[in-house]
Every structure is written in structure tokens, then in C-alpha cells.
């Protein structure tokens, strides 16, 4: 169990920290103010120019596509990645993701945001040469965005066998039909492609029924029905959409890794992505705790600093203990992934998916409470952070499914 | 300990239930859809016409100003209240408030919404004849709305002695200065008056420093700086504003009950108001639990209904037990208030203020989880209900202050 | 919902409170010291003489068999009960049980201890005249004790259909076989009879399989294999035994209410008994909270009273809120039982069976913590109280079974 | 952050695991049965012969004094320790302590039980050559036992400045007076020495007031007043005593590291000891979870295995997640201690002292619940394990003190 980052990762961590301190942190409050103003005028889905500026700066400093995985980055690390020419292990990337998670925009700035990272990984690991050339390269280049279309409004999507959308092979084409929601990424004007999951062969073995298909945003029959909000937030300019697909025809060559591979790809896609999500949440937790302490030591009531009232110090200690445990658990999952791949880390990855969002929800809730009404407003990043954490108790599988996975593996030890 | 409603209250409960089933429930989904559309066009602060229609219907059926308190309603119950000509006890009003709380608009429909109810109570109990004529009567008539301006952005407002805003007596005028936020009600175009709390005499005894002053919305020097959101919601058309008061001059006669009475009025204002808030939240809890069960019995995953998976049935049981306990605790506080007035129920009122919002937060969180991503969206009333519950852990005093009150009284028993 | 005790119950409550203050409280510390000494010499199963003295005093004051239920007490209330000649409702008895629960010996002193009360109720409600004469009268008279034999060591006894013990009809006899444990009451030298539950007809409908049989302690084939401890405590002189029954023959007339009635009797037996258990635990909670406050205000660390350190005040408030809610819930269940009988209060009785022991475990745990190491010792009644509360999360059905019942009834509302 | 054990530690872990499987596990049930029988005859304080047999076997296999710390073991590792001739780091010893913690007797078998390990460490780090020769060598040799006398019955001992016991220098003697309780180890007939902490100079700086003195068990004026129980358990043959010291005179040379060094020694003593305690509790957690799963998969109710009922699988998952996080947190604290010594790991050591006993209490509580009544009895090691975990929320500083330490260090980061 060695969670130490490599020297290169340690050096990158320093550079990302510096970049965020000098470039991101100073402009982020303005960013949110400008975005709020854009909402008033209905232009919130047009990315603010500062994002492109920051992306260019990050890339110029060699802080670009840091998520590229050691094992699968191949030649792309040299062409589109950080100088050094190779990807990072999960243990190495973890502290970088934590740093990025401290900011709502940093993941975009470093071209490391969901769902693009997951989609890029899918193309790296399972895509054909042609698919990579058409979609992966512009994604790595930051020229286009992508969306991920899996969850459906009409069924309990935590059970993939409930999926109703179809992508049926018809000669050298695939015909895509269905309705998806929580299709993250579709709000962005640069979004040009969906990774779409649907049923290809309902009679096949349950792990061979589904396919993943690349569906161009511009294809006939694709319609974004509406954008969804999560407790009032829409996460512009990325956003979550409800999208209908009606007799959408794409070339058979757009199927990733061939028909029937959807389930296998989904399994492979999720391991590192969950590490990323969880480490970003750890970063949010640290921000929340820091804000709580700063607020609690700068305001007074009843003759004492807020931190010195009631159980506030205990809650600060509880937050520290929960965060440190959560981070260690994520590092452990990252290390297991690095050592043996996704199948060796099924329990560990499900564990972090339960633990971290719940810890984050609790720590941020406490930070909100210490901020009084201000904590519920957008004067602080806490309310949005809270909704983010709460959402992640559902996204990528609800708590209950992951607890079920952990229990199943635990029972198997003593069968 | 007799929590049974009077026959008249039982009969009113039936009538309110019927009215909601036949008039409110059928139009509420459309209401929220229309409000969302209004947000797109920037007209969300103009109340939708259906609200006035419903108000007229409710009043025509004699379901109007049901909150009017037995002890203080005086002649107003006969003139503006429900037929019968008298107000209700807290125990009698409690089940009515629970019913209204099931809907986001019902409290407005019955002219029983915060902060107007609290402001009307203040005028009933402490207002002069002239103040009542000018402000209370149109409020009871539903012609105008009011706002309550107490919390301040720059200090920990949970400690009233931190208050910085002033209302200084200058001859036969009062000069109002300061900045308030979370001034609920100010978003409504009919809002014509603030109940404003400020410091009149900083050197007086700490319970005699403050005054409450009626400040017309149109007075020179009043400026609504911005509307605030709570986790992305703005609670249109009532809303919460940040308001600056700059050398606002109002007649000395606008001071309620005379200078220095602010603290005493605040104490008297809050008892029944907290009963109302808490019973409305109980209503929300029942809605959330019902929705959770309906969703959980109508969707399946892994071959079972959602309610039959994992710990969901236990959580349903936990919700039922928590709600029933919370309701009994509120009824107990209402009964104590009825028996002996606010000073006899200090612990009980603080208890419910802690317990009920926390129970609601937990029950609604569970209902969201059973709804998957949909629970976070506005397709169900859960996300907004959650934010409502969360906000009430801060509004009217944070959990911590109320726990402190309960503990203080508990220690005093064994001093 | 009227939880007010009748005037007679209020008066009895005062008299029990006085009796406990003047007679029980002064001798209880000595009682525990003497019992500890008796353990050293192996005589702990011989009841200390003070118990009989107190019983005589209580009876002389008319505080005897207070548990006798209004509806079923019949002529026994006049002959063996408290002056007044009739039993009490559940709402009336509840505050008496709370008072008795403050002491480990008071329930015995007032002849109101489990399992004798439950067994007496069974005989009152379902026993034949002969059974009552032989067993009920001496029990009411305090001359003998009884035990209840239901749980079995080899199966999950939370599911009655798992029961393996048998009581087979053989002509005019019943042949009893099986092994029981947690047979409470068997440690007492005056224990002369078991209420034994077993399978009479394995092929009958699942609610008609079992019978309850009166088995004399002295019958051939009855053997107390050992006494059990709960976290080190044996609850002398009542105790919990593991008992084997080998070809024990008793007259057919010893079957209560006839063969096949066991399940129905068990259902009827448990409602009031659970009210009693829960109200006694509420009494323990109040003792624990009072001790916590007394300790916390009399000892200092780091320059402050213990109660003023960290989150201790919040925990005191939490305890008060939890206890008050729990008590209201029990009163509500008692009131429902009084209004409509056990079948009308299935959810309510299961609710309290979950809520109260969990609250008690938590409140007592806090009180132990405030007492430091002393709280774990027998210098205070807290450690034993804790084990008592913990045990009641299992006895009379584990939490999980009761949560299941509450959930089932909740789902049925929306089926 | 490298938590990997050294090759030698990994090999020792295998050997300890094998030894426990082949030598300890097979005899432990008999051990507890024999101890229970000894209690019946009042001989429970005489260690059962099997303990000495096991000690001899463990020593013969080179599994002896494994706790010896790398940095302070000096020549004693070669003389009394495991072959290899040097002590282990905290990270290396951690998995060994976890294994030992699975058994109630294993720590004694390997001469690694508290409080002897802590006392031996004190002598290793701070003792004079003469003190080591007289007390350390026979302790390392397993010929004698020791006790630790710090906590006092009359004050809140969580604050060392409350300490009332004295050890005053009088010429070349020290005069020891005071009353201590929770003096662990004093029950053992081989206990020959106390490490006693008292006030030497009440006027000195608060960190220089106390001394630690070696007081022979046989010294005049030492009296074991009584043995204490924790929820009914006495932890024979080690035990916890209340001990009075009346004008006990010992040579000045018995003061460890000189007068006034008591506080410094206490600080140094506790770091590794807390690692040991916590890792042993982790071992207990694993045993409890394993027992819960075995019971839950082998018994059925309502047609399902217990593990498949209600929320049991979720609780199994929660237990696994809590245990894994707790273990990682302890390893992290061990690693910090190894890297920078106690002062660099203040927060980490306090963190584990809060987290691990609370996790253990919760996991074992769940395991008890799955065992029904049996879980509360001594038929399974769960009840005793629970009391052990609960006690450790108080011993070596209550949760509250450690949370306070974590909070203080957290606030200091942002001061």
C-alpha cells in the first residue's frame, strides 16, 4: 500500500496548485458573477470568454489532459498531454483531481472535466483508429465537447437491464431510438457527439445486450427536449439535458468496440471516473472546511467566536476525520486500480462512491450552517457545492447499488 | 395533554382538505410549469393570475385568515376571518397548517403565508389603532403584502445584540439606516410595508435597545439591492431580498408599541410562527413520504420493486416514526402555548424548531434518493421542498441557538 | 388525542412518586451493594429480604398490581389491586410505569415486573377459571413468580414459524419437548410456573399451529440448564435461563384457551407489555439525563464545568428532545390501544418498540460518557441501564421486525 | 504515504496468523468456559495454566515482545525480542496488533498486552539502567506484570491538571499519596510494580508539575481497595483496580527520568499505545463482521437468510467501509509517527482514538443484533468485545478531549 505520488506527479501537483492560485482563484468570483448576469439575459449557455483564455494558459504551461491514464494514453500523451509524454497512474492523478475539485471551473480549464474525460477514456481504450481520429483528437485538443447518454426517464436506470433505448443494427447502419435524461454535457455549444448506450440484442446474455454508439449531435432525429436543473442549478455551460433520439441513423462503424460491448465498456469506463469524481469532492470538502473555519473565526455571537460556540469545534474535528478517512479510502481504491485493474477493485471503487459524496454532503452542510443564510446563497460556493455532492449520491449509480456491491463481495468472502 | 382539535377545527380541516383536493392540487403542476416559463422571460416576480383566483375562491368558501389567533384576533376575526367569527387556538390551527404545507402555494391561497401572518400577528398584538387601520386591514384583506427586515449581512444575526441597523428617534420622526438581507416578502409587487427591526438606544438594557418600525416600501431611501437565492431557488413571487435603508424617515407613530419594544415583540412574534412553519413542514414530510412510496412501488430494479430493495423499507419505517414523533412534539408545543403563553413554552418551541426541519431534511432526502435523478429536478416538488427544509434550519434562529435554549432550560431544572 | 391521565391516575402517580422517594430511593444503593456482595458468596439468586419488606409496604399503601388493565381486571382489581377496585387504562398506567422504571427494583416492589405482568394478563384475558385460581391468584398475591418460555437457541426466533419446541396433545395430557432460552424469571426461587409456547399442530394454518401451556416449574423433565448473562449482568434474582423440557407431561387443562391459540395470545400479550417496557425505559432516560447534568455541573476540566465543554450542551438538548418525543409516541400508542385495542395500534406499538430502546441507548451512552470511567462501573446505575436498553432492542422482537411491521402498514396505505 | 510492511514484518504477520490459528483459536473457547467456571468458585484472578503454556510456545517460536519499538528497543530486542534482533516500526507492528486483537488472550500470549507494553516502553525510553534492570527485564521476560496508576476517582481526569495524588520528594525518598482507579493490571497475581503518576511540585509550570514513579506493589501503604467492573466484566486476570496509596515511601531513584518529567513521559507513552489499541480494535471489528456474516447466512427467518432481510446487507457494507477507513487512518497515524515522532502526529493519533472505538462500537453492535439474544450472552465474544470498544471511548482520554485536540490543530492551520 504505497500512496506516494511519483516525483513527476508531485511536481505537477505543485504546478497545478500554483496555476490555480495565480490564474483561477483570482477570476473565479467574477466568473460566477458574470454567469449569474448571463442568466438574467438568457445567455448562460454561451461559455464566458475567460474559460478559453484559461484553457490556453493551462495548455501553454503544459497542464493539459492530465487525466490521461498511464496504461491507455499511448501516443496521445505525447501529442496532447502534459510534457513528459506519458499518462499518470490513478495514485498520481488523485492529488491533481483534488486540487481541481476546489474550483467549479478548473476541471474545464485543464481539459479534465466530466463527462469528456470518461468519453475520451472510452475512445482511448475501446475506440477504433477512425473513431479516435474523428472524435478523440478534437476532444483532446479542446476544440469540441461531448455528452454521455445513458440514464432514462421512464425506468429505474440503476439496473442497466431496465434500459429501453435501442440501437439496432440495420445493414451497415445503426438505428438509434429512445429517450435519455441527465445527458451531461449537452448544454455546451461545442458539444458535437454523444456516447449513447442502448439495447442492440434484447435476447442476448444480459452482459452482451447493450452497445455504445457515437451519435453526432447534429444527426437527424436528435432533439434536446429541455435542460434539467438540480435543486435550481443548471451547471451551465455544460448542463444536463433530456434528449430524444428518433430513428437516428449512424454508420455501423460508430459502434464502439462492436455491438454487444456496451456493458463491458461501461464497467471499464467507471473505475477511474469515480476516482476523479471522488477526489474532486475531497477538494470541495477542503474548501468547505476552510471557509467554515474562516467564517467561524471571524464572526462572533454571544461574546464568542462562532467556532467556540456549542459543538462547532467537534464538528470541525469530525469533518477533518471524515475527510482524511475518505481521502485515504480513495487513494486505496486508486492504488488497487493501478495494481490490478478494475476487476480487482470492485469493492474499493464502490466504497468510495458511497463514502465520499456522503461525507461531502455532511461537511458542506456544516459549512453552510456556519455561514448562516449566506451559506444558502450564491455569495459563497457552498450551496452549489452541496448540490454537487448530493447529486453524486445518485449519478454513476445510487448509494444503494454501490452498498449492494460492497455487501455482495463481502458475503462472498465467507461463502 | 389534550391535542384533540375542537369540533369547529375538525370541520375546518375537512373543508381545507376538500378545497385543496378540488381546487389547489389540480392546478399546482401547471402553476409551477408556468412559473418556470415566466423565469425564462424574466416575469417570474409577477404573480400568476391563478393565485388571485384561488384566493377569491378560498375567501368565498370562508377559508381565509385561518391563522388568526384566538386570543388576539378581536373584531378582525369577524370582519376578515373565517365564518364563526373567532380565531383558532394553536392546537386547532396546527392540522390546518399541516394541510397547507403540502402545497407550495396553498399558504398564499388561504392568506396564511409567512411573513405576512407573523407581521399581522404583530399588528394585532402590539399595533396601534392607526397602524392596524393602515396596514393590518389591507393585509387581512389580501390587498397588500408585507416583508420582515431583521437579519443583516455583516454580522452573525443569531445574536440580536450584533444588530447594526438603526432606527433613531429624531423629534416626531424615526430615521432608519442599515442593510438587511433575507428580507422575505420583498419580491412581491404588492409588498407595501416592512416590519423593520433596528437599534434605537444602544446604551439601553440589551432587551430594551431595539425597536420595530413600519417602513413603507415606497419611502425615500429604501432600495432593494438584489434578490437572493437559496440553492438556486428564489421563491418567487415572494422572494428574499437584500435591502438597504439610507436615511429613511418615517413618522414616530410608525414605531410599533413604542421605542425599545423590539425585542419583546420579536419574542412574542415567534412562538406561533414557529408552530406554523413546523406544521407546514410536517405536511411536506407527508407528501415526500407518500411520493417515495408511490415511486418505490411503481418502479422495479433487479427484479424487485424499489421499496423492496436494500434498506428502503426500514427507511420508510424510520420516516414514519420520525414524522409522527415530530408532529406530536409540535402539537405538544402548541398545547403548551395555548395553556400558558410563549414564556411557558420556551423549551418546547425551541425543540420543534430544531427537530422538525432536521426530520424534514432527512425524509425528503430519502424521497429524492428513491426518485433517482428525477428527485433533484423540478419534475417533483422534492428538490424545492428539501431546500425549504434546509433553509428552516437557519431561518428564525439556527439549530444551534435553539439547542442552546433547550439546554439552558434543562440545566436550570437541576441548578 | 387526549393523553391526560384521569384524576385517579394523577393521584396514584403522586403516591407512587412519594413512595419511591421515601421508601425505595433511600435503600436502593444498599440493595445493589448487598447484591454485589451476595455474588461474591454465590447467594445472589436468593432475593434480599428488603424486597419483601418493600412489597409489603407498597401493598399496605394500596400501591399494588397497578398494571391491572381496566378492561380485563374484572373482580381481581377489587381483590388484589389498588384501592378503587378497578384497573387502569394504558394512558393512565403509563406515567406510573415511567416512575417505576427509574429504579431497578421498583417494578418488583409494586408487583408490576416483567414477565409476571404479561403472564398475569394472559391469564386474565385467556385463562380458565381453574387456571386463574391455581396460578393467577398467587401471582397477584405476590406469593409466587412465573417465567415466559418462548425464544429458542437454535433458530431465529424473531420468526415464530421457526419454533421447534412442541406441546403435543396426547389424550388428556400435553407432552412438552424443546429447549428455550432467555426464559426470563426462572432464576427466582419462587418461580413456580412457565408460560410455555410450542407447536401443537405443524400442519395447521400458520396462525393456529402454536399453543401456550402452563408448565409447573417442578414438573418432571424440566431442567434449568444454565443462567444467561447480558454483557456480564445476570439480572438477579429474576434472571434469564436456558431451560430444557424433555417429555414433560401436563394436563390438557393446562393449555391456555385451548390448543392452537398460542399465536393469538402472543399478539394480545404484547401490546400493553411493550407500553410498560417503553415507559420504564423513559424513566431510565430521565434518570440518566439527570445524572449527566448533575455530574456535568459538579465537575470541571480545563477551567470549565463539563457541561460547558464541547458539544455537551447540545447533547443535553438532543437528549431532552429525543426523550420528549419518545414519551409522546408511547402515550400516543397507549391512547390508540385504549381507543381501539391491539389491532388498531399495530404500527404505533411497533414504532415505540423501535424508538424508545434506541433513544435510551443513546441517552444513557451520553450519560456514561460524562461520568468517565465511573459510568462504566457499578458505582452508578448507568452501565446496567445501558445493558437493559440494549437488550430491549432484541427482546420482544428485534428492531428489524418492528421496522418491517411499520413499513408494511405504511405501504398498505398507498397500495 | 507508504503503508506497506517490511518483508520481515510480512513474514512475522504470517507466523503470528499461523500461531493463532493453530494454537490460540482452538483453545480460546475452553479458556473462556474455564474462566467462567473459575468465577463461580472465586478463583478467577488466578491465571489459567494454559496462558503460561501458550506464552512458552509463542516465545519458543520467536513471537515474543513483538511490540518492541525500532527506535528504542536497543539491546533488549536481541535479548528478549523476536529473532532478528531489532524492533519494529509502527507501520510494521500494526498488522500484528490487528491479528492479536482478534483474540482476548493473544496479546498476553505474545507478551504484548496493555498496560505492560506501555510501561515497558516508558522504561525503554526514559528509565535508568537500574530501573530497567529491576523492572524492565523481568517484564520483557514475562516473569512479572505491571500496572498503570493515573486516573483518579474524585476529579475529571481528562484534565491532567486536576490530578490530586502526590509524590513529594523527601530527601532521597519520594512519598506517594492518593487514590487511583482504573489502575489496569493490578488484578494479576504477578503484578509487582505500578507506574504511578502524581504531582511533585504544584507550583511548577503545568507541564512540569508531575512525576512518574515506580511503586512496588508490595510497598507499605499500597492497598487495592476493590476491583472494578465495566458493564459487568472484570477483565480477569488483568483487571482494573481502585488503589489507595498512603504515605508510601520509595527511593528517589524510582522516579522515572527525574521529578517533573511525568507530563512529558505521558505524552511520549501514548502515541504508540494508541496505535496498538486501535489496531487491536480493528481486529475485533473484523471478527465481529465475520461472525455477523456467518450467523446471517446460516439462519433464516421469514423465508430468507438473515443477511437478506431489511437493511442487513447495507449494514454489512457500511461496516466494511467503516473498518477499511478506520484501518487506513491508523496506518496513516502509524506512518506519521514513524516519519516524525509523536509531535508530528498529534492530530492523527487523536483522530484514530476517536474514530476507531466508535466504529468498533457500531460494528459490534450490529453483529450483536444479528445474533439476537445470543449476541448479548457470553456464547459469542461479541458482548465482551462491545464493552471493550465502549471502554476505549473513555480510556486514554475521552472522545471529547481528542476531538478538541483535532479541532485545535485544525484551527491553527488558518489562524
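Each chain carries a letter (A, B, C and D) given by its place in the written order, and its residues are counted from 1.
Note that a residue touches a chain if its C-beta (ideal position, glycine included) is under 8 Å from a C-beta of that chain, and two chains touch if they have at least 3 such contacts.
A quick map from chain label to UniProt name: A, B, C, D = Acyl-CoA dehydrogenase family protein.
What you see is a predicted model, and the numbers here were worked out from it, not measured in a lab.
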item: Contact-pair overlap exceeding half with B-D, pair selected from A-C, A-D or B-C; value: A-C
item: Distance from the mean Cα position of chain D to that of chain A, given in whole angstrom; value: 44
item: Geometric centre distance via CA averages, chain B-chain A, whole Å; value: 38
item: Junction residues of chain A - those touching two or more other chains; value: 310-311, 313-314, 400, 403-404
item: Overall pattern in which the protein chains touch one another (line/ring/star/complete/other); value: complete
item: Chain C - residues contacting chain A, complex; value: 310-311, 313-315
item: Residue ranges of chain A touching chain B (in the complex, touch as defined); value: 40, 42, 151, 153, 155-159, 162, 181-182, 228-233, 299-302, 306, 309-312, 365, 368-369, 372-378, 383-384, 386-387, 390-391, 393-395, 398-400, 403-404
item: In the complex, chain B residues that touch chain C; value: 1-4, 289-290, 293-294, 297, 307, 313-314, 316-318, 320-321, 324-326, 328-329, 331-332, 347, 351, 354-355, 400, 402-408, 410-411, 413-415
